[in-house]
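Shared between the two complexes below is chain A, which has chain B as its partner in the first and chain C in the second.
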Partner chain A sequence: MDILISGIQLGAIYAILSIGFSLILGSARIIFLTYAVFYMLVGYFWYIVNTLFGMNLILSASLAVVMTVALGIGTYKLCVERIRQHETTVILITLVLAFFFEECVLLGFGSQLRNVPAFIPGYVELLGVKVLNQYSLTLAVSLVLIFLIWLFLWKTKLGIAIRATSQDREVVNLMGINEKRMSMIAVGVGIALAGIAGVMVAPIYLLEPTMWTEPFIMVLAIVILGGLGSIKGSIIGAYILGYAQVALVYLVPMGSFIRSSVALAAMIVVLLIRPEGMFGVLFEEERL
Partner chain B sequence: MVRKSIIVGLIVGLFVLLAAAPKPVAQPIKIAALGPMKVTPGENQWRAAELAAEEINEAGGVMVGGVKRSVRIIKTDTSEEVSATDAVAAIEKVITVDKVDFLVGTHRTESTLAMQDVAMKYRKILIVTGAASPIVCERVGTDYGKYKYTFRTWINSAFMGRAMFASLEDLSRLVKRELGIEKLKLAVFSEKLVWADPVVKAAETLAPKMGMEVVGVWRPSAAATDVTPELRAIQTSGAHIIYTATSGTMGVVMCKQWGELKVPAVMTGGHSHACVKGFWKATGGYGNYVPTFTGIGPAKITPKTLPFWNKFVKRFDEFPGYESSTYDAVYLLKEAIEKAGSLDSDAIVAELEKIDYVGAYYPRITFFPKGDKYAHDLRFGPGYATGVTNQWLDGDVKVVWPYGWEGITYEGSKPYTFPPWFLKHWKK
Partner chain C sequence: MAYFLWRLYKNFEGEILAIPGKTVAFFGILFLFCLYFIPIHPYVLRILTFSAIFAIYAASWDLLYFAGQLNLGHGAFFGVAGYVAAILDLQLHLPSGVAIILGAIGSVICGLILGIPALRMRGPYLAILTLAFPVILTGVVFALPDITGGELGLSGISSLSESDLSVYYICLVVMLLSVLIMLKLADTRSSIVRTGIVFKAMAEDEIAARTSGINTPRYKLLAFAVSAFFAGISGGLYVYVIKVAGPSTFHPLFSIHPVIWTIFGGAASIYGPVAGVFILYPFWGGLFAATPELRMIIFNALIIIIILFMPEGISHWFRDRTERMCPRCKLINSRRRSSCRACSAAL
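For the complex of A and B:
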C-alpha cells in the first residue's frame, strides 16, 4: 500500500512536468532545456510575492505562475524563436539559459533554503498510510490538468491547430494558421504546466536554486521513455519511473541515493533498445 | 654665516621630518576563513573567525617576536558544497594572491581533501573546523612530513559516532522508561556521503549491543528533494528511534516532512543545517523537536561558551554551529604564534602539538600526538571535547545531551523533550 500511494504521488508530479515538456517538444519541436528551471523560478516568484509582499497564498501562487509564463515566453521569443531551426544551437542556448537563471537566483537569494506554506497543511491517513494534504492536492490538480490538456488539444480549435502544427508546419502555414504563434502558445502552455507543478511541490520540498536539476533529469528520462513529444507516453513514463523510484526506496533502502540513477539507466536502456520510446513511433507516424 | 645657518636649518629640518615620519607598521596576520559562503554554515565560519579577530585586535593584537600585530580575516568562498574544483581554485587564490598566513574552516570532506593538498603544498597551517571524515587527519598519521600542517577543531566522524551513540543510548533509556518497551527498534537514516559512512557502520554494529533492533538503513542522496517514501517506510518498519546523519539540504527536507507527517519515531543524531537559526524558518516550524549533534549550545560548557554564544547571536541573529569553532581556531593560532614567536609554520606546528587550551567549544582542546592514528585530530572524551546535542523547541534550541553522561551535565541544559504525537502513538 505504501508503494502504491507513494508511486501515485510521485508519478503525478512527474506527469505534470513531463506533459509540459512534451507539448513544447511535440508542437514547437524544440528541446527546451530551460524548461525545468521555470519549475524552480515559480517557487521564488511565489516566495517573493507571498512572503515579502504578504499577498494571499492562492493569489500569489497564481501571480507567480503568470510571471513565470511571461518570463518563459519572453525567453523563448528573445533567445530561441529565431534559431529554432538549428537544433544543436537550441539545445546549447537553452541549457546555458538554465544555468544563467540558476546563477541569477543564487546571486539574489543565496543558497539558503526557503519555505513556502502549504495550501492545505497537515496530512490524512489513507488505508493506514499518511499522505500529506499538499500531495493529495497535487494529485487532484494533476488529474484535472491532464483532463484539461486533453480537452484543450483535442476539443478546441486552438488545440487542434497546435497539434496540426506539430504534424506538419508547411501544410499548417498553407492553411492560414500562424505556426509561429502556435509554437509560442505551446511554449506558454508548457511553461504554465511547469509553473503549476512548481507551486504544487514547493510547499512539500524546499526552495533552493538547484532544485530543478533532479526533475530535469527525470523529465528527460520520462519523455525518452514515453516517446519524444508523446503526451500519453509522458504520463505513462512518469508513473513507471515514479514507481521504480519508490520501489527502490522500499526494497533497497541502502540504495535510495541512486534514485535519480534509475531514471538515467532507463534513459540509456531505452535509447539503446528503442530510441523512439514507448509511443514515439506513433508520434512519428502522426507527424508524417 | 648664511651658509652655516642653511646647513643647520637643513639638519634640524631633517630631524623634524624623521621624527614626524610614520613608524613602520607591522603587517597584519592574515587568516583565511574558508567555507561555502552562500550558505549559513559557511558564513558562520567567517563570522566566528571575525569575532575572534576583533576581540584579539581590541586586546592589542598578537605578540610576534616582540611586535604586536593585528589579525585580519579574509573571507573566502570555497563553494565546496557544489564543486571541489572551485574550492581548490579558491584556496590557491587566497594563498598565492591574498598571501594569507593561515587557513581555518572548510566544510565538506570531499572538497577539504582536495584543499588540504593545496595547503600542504604551500606549507600553510590549515585548521579544519567543518569536514568530519577521519581521513583528513589520518593523512597526518600516514604521511606526517607532508600533512603535518593540518589540525582539526571539530570531532571526527568516528568520535562523532561514539558521541552520538552515547546520546542514542541515553535516549533509548528514556524511551524505554517512557513507553515501557524493552526491545526498541532503530531506523538509520543517513545521506550517502563519505563522512557519514563510519557513523552508519557504527550504528549497525553498536545498536544490537545496546539491545536495539536495526530495522533498516536508508541512505538517500544529500541533495534529495523529497524523502516522504523513506519516512513512510520507516514508519511502516515500526521504528521507535531514527538515528540520523545528514549535512546536505536533504536533512532539512527530512526534518520538515518528519514534523509534517508526524512520524512516530523520535530522532537523535545530527543534521548540519539544523545547527543554524534559519532551520526553523526553512522547515516552516515543522522542525520542532528535531535534535542535532553539534559542537556548541546555549549552556555553560566552559566559562567562555555563553559569552561567545550570546555575542554571536546578538551580532549576527544566528546560532553558531560546530563549524564556527573557527573562533577557537583563531585563538589557538594566537596562542601558538605567541609561544613560537614567529609565523614559521614548523615552529607553530610544534606549539599546536603541545597546546592545551580552554575554548568556547570544549573544556580542553588538545590534539592527538604525532604517531597516533588520528594525529592532529581533536581529542574526544569527557573533560575534553564532547560535543552537545541541541534540540529545537518552539523556535529556540536547548542543550539536551550530555545530560548525566559520564557525570557531565552542562549548566543550562535540560532533558530531551518527546514530540506529543510520538507519545500519543505509542501510548494508545
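For the complex of A and C:
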C-alpha cells in the first residue's frame, strides 16, 4: 500500500516533469538540460517570497512559478537561441547554465536544507496508511495539468501550431507560423510545468541546491523510454520508472542506493527491444 | 653537419613556423617539456599532471564524437579502468604499467558492451542512454562493497614514481603518444589508416556510409573500443596519481567534463580537446587557489560567454582567424600571406 501511494505520487511528479521536457525537446528541438534546475530554483524563489517577505502561500507559489518562467525564457533567449544550430554546443551550454544556477543558489543559501510549509498540512488515513494531503494534492494537480496540456496542445490554435513546429520546421515557416516564437512558447510552457512540479514537491522533500540531479536523470530516462516527443509515452514511462524506484526502496535492502541504477537498467532493456521508445516515432532524417 | 642542421631548420620553418596553429602547438609542447628547468610550485605541477591525464580523456571522447557517437557516459570507461587498475595493484601487486594496460582492456570490454545499444540507436537517444551507464555502475559499486570498497573507494594504491616531476613527465609522454595515435586514427587524408575517413563518413551520414559498403556496426564497435581504451589509459593514470579509486568517477558530472573541454577546445579535431584541457584546467586550478567560493560561478559564467562568441570552439576560432587554405593546391597558409607559399596562387 505504501508502495502504491508513494509510487503514484512520484510517478505524478515525474510525469509533469517529463511532459515539459518532451515538449521542449519535441518542438524547440533542443536538448534543454537546464530544465531540471528550474524545478529546484522554483522552490528557492518560493522560499524567498514566502518566508522572507511573508506573502501568503498560494500567491507566493504562483509568483515563484512566474519568476521561474521569466528566468527560463530569459536564459533561452539570451544564451540558447543564438547557437541553436550547433547541437552539441546547446547540450554543453545548457548543462553549464545548470551548474551556474546551482552554484548561485549554493552561494546565496549555502548547502543546508530548507523547508517550506505545505499547502494543506495533515494527512488522511486510507486503508491503514497515512497519506499526506500534499500527496493527494500533487496527484490532483498533476491530473488537472495533464488535462490542461492536452486541451492546450490539441484544441487551441497555439497548441496546434506548436505541434506542427515539432513535426516540420520548414513547412511551418512556409505556413506563416513564427517558428522561433513557437519554440520560445514551448520552452516557456515546459518550464512552467517544471515550476509547478517543483512547487508541489518543495513541501514534501527538503530544498537543497543539488536536489535537481536525480529527477533530471530520471526525466531523461523517462522521455527516452516513452519515446521522444510523445506525451502519452512520457506519462506511462514516468509511472513505470516511478514505481520501479519506489518498489526497490521498499522491498530490497539497500534499495535506495541502487534505485536509479535499476530503473535505468530497465530503460536500457526496453530500448534494446524497441530502439525508438515505447510510443515514439523515430524523427525522420532532418532535411539538409 | 651544418648543412644537415640547415635542412632541419628549413623543414621546421616550412612545416611548423609557416602555419600559426602548428607553431602554437609546437611551442606549447616545448614549454611543457621544459618544466624540468623551471622552478615550479608543486601545486602547479599537479595541475599540469592532471591536465595531461584529462587531455587523453577528452581526446578519447572526441574520437568517439568524431565517429558520430555522442557519449555522455564517458566516465564509465574512465572509472572502470581505474577500478580494475586499483584492484590489480592492491590484490596482485602488478607493476603500474601492466595494471594500467589491463585496466584499459577492462574498459575496452565495457566499451564493447556500451557499443551494442549504440548499434541500434542514434542521436539524442544514444546520448541519453549512455548517460545511464555510469549511474548503473555506481549501483554496482555500492552493491559490491567487498571488492570495490563501496562509497569510500579503494585507497593505498602505490605510486607511479618517486618524484612528482617524473610522474608529470610520464603522464605528458603517455598523453603525447596517445594523442598522436588518435590523431592518426582520425586522419581523413591518411592513405594507410582507413579509420579516419570511415569514421567521418559514419558521422556525416550513416546510411550513405553503409550503402557505400562500409561495415558500420564493426566500425562503430571499433570506435567505442579505441575510445574506451584511451579513456581507460587516462583512468588508470588518474588512479595512480590521486592514489584513490572511488565512485566519484561515475558521477554524471565527471562524464560531462570531457564534453565541456572538447566543445570549448573545438570538437571533432582531437587536438581541440587537448587545447581545451590545457586552457581550462589550469585556469580552473588558478581560480580554485584564488577564490574557492566563487570559482565555479566565475568558471561557468566564462564558459558560457566564450561559447556564445565562439560556438565552434577556441581552436577552430583561432584557425579561422589565422589560417587560410590555398584555393588551388589546398595547402594551408598563414593569413598574413597574400599568395600561396607553394604555388603562388593569389589567396
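FYI, the second predicted complex is superposed on the first by the 273 of 288 C-alpha atoms of A that agree within 3 Å, B and C clash if a C-alpha of one lies under 4 Å from a C-alpha of the other, contacts with A are read in each partner's own complex, and residues count from 1 in each chain.
As a convention for this text, a residue touches a chain if its C-beta (ideal position, glycine included) is under 8 Å from a C-beta of that chain, and two chains touch if they have at least 3 such contacts.
Treat the numbers as computed from the prediction; the structure is a model and nothing was measured.
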item: Touching partner for A:Met55 - first (chain B), second (chain C), both, neither; value: neither
item: First, second, both or neither for A:Val246, with chain B first and chain C second; value: first
item: Touching partner for A:Cys79 - first (chain B), second (chain C), both, neither; value: second
item: Contacts of A:Val262 with chain B and chain C, given as first, second, both or neither; value: second
item: Which superposed partner A:Ala164 touches (first chain B, second chain C, both, neither); value: neither
item: Common interface residues of chain A - those touching chain B in one complex and chain C in the other; value: 254, 257, 260
item: Residues of chain A defined as touching chain B within the complex; value: 2, 5-6, 9-10, 106, 110-115, 117-118, 121-123, 129-130, 132, 135, 201, 204-206, 208, 210-211, 214, 245-246, 249-250, 253-257, 259-260
item: Footprint of chain A on chain B - complex, ascending; value: 36, 38-40, 81-82, 191-192, 216-221, 223-226, 228-230, 232-233, 235-236, 249, 252-253, 256-257, 260-263, 273, 278, 281-284
item: Chain C-facing residues of chain A, complex; value: 25, 31, 79, 82-83, 86, 88-89, 91-93, 95-97, 99-100, 103-104, 107, 213, 217, 220-221, 223-224, 228, 254, 257-258, 260-262, 264-265, 267-268, 271-272, 275-277, 283, 285
item: Interface residues, chain C side, partner chain A - complex; value: 65, 70, 116-117, 120-121, 123-125, 127-129, 131-132, 135-140, 142-143, 207, 252-253, 256, 259-260, 263-264, 267, 293-294, 296-297, 300-301, 303-304, 307-308, 311-312
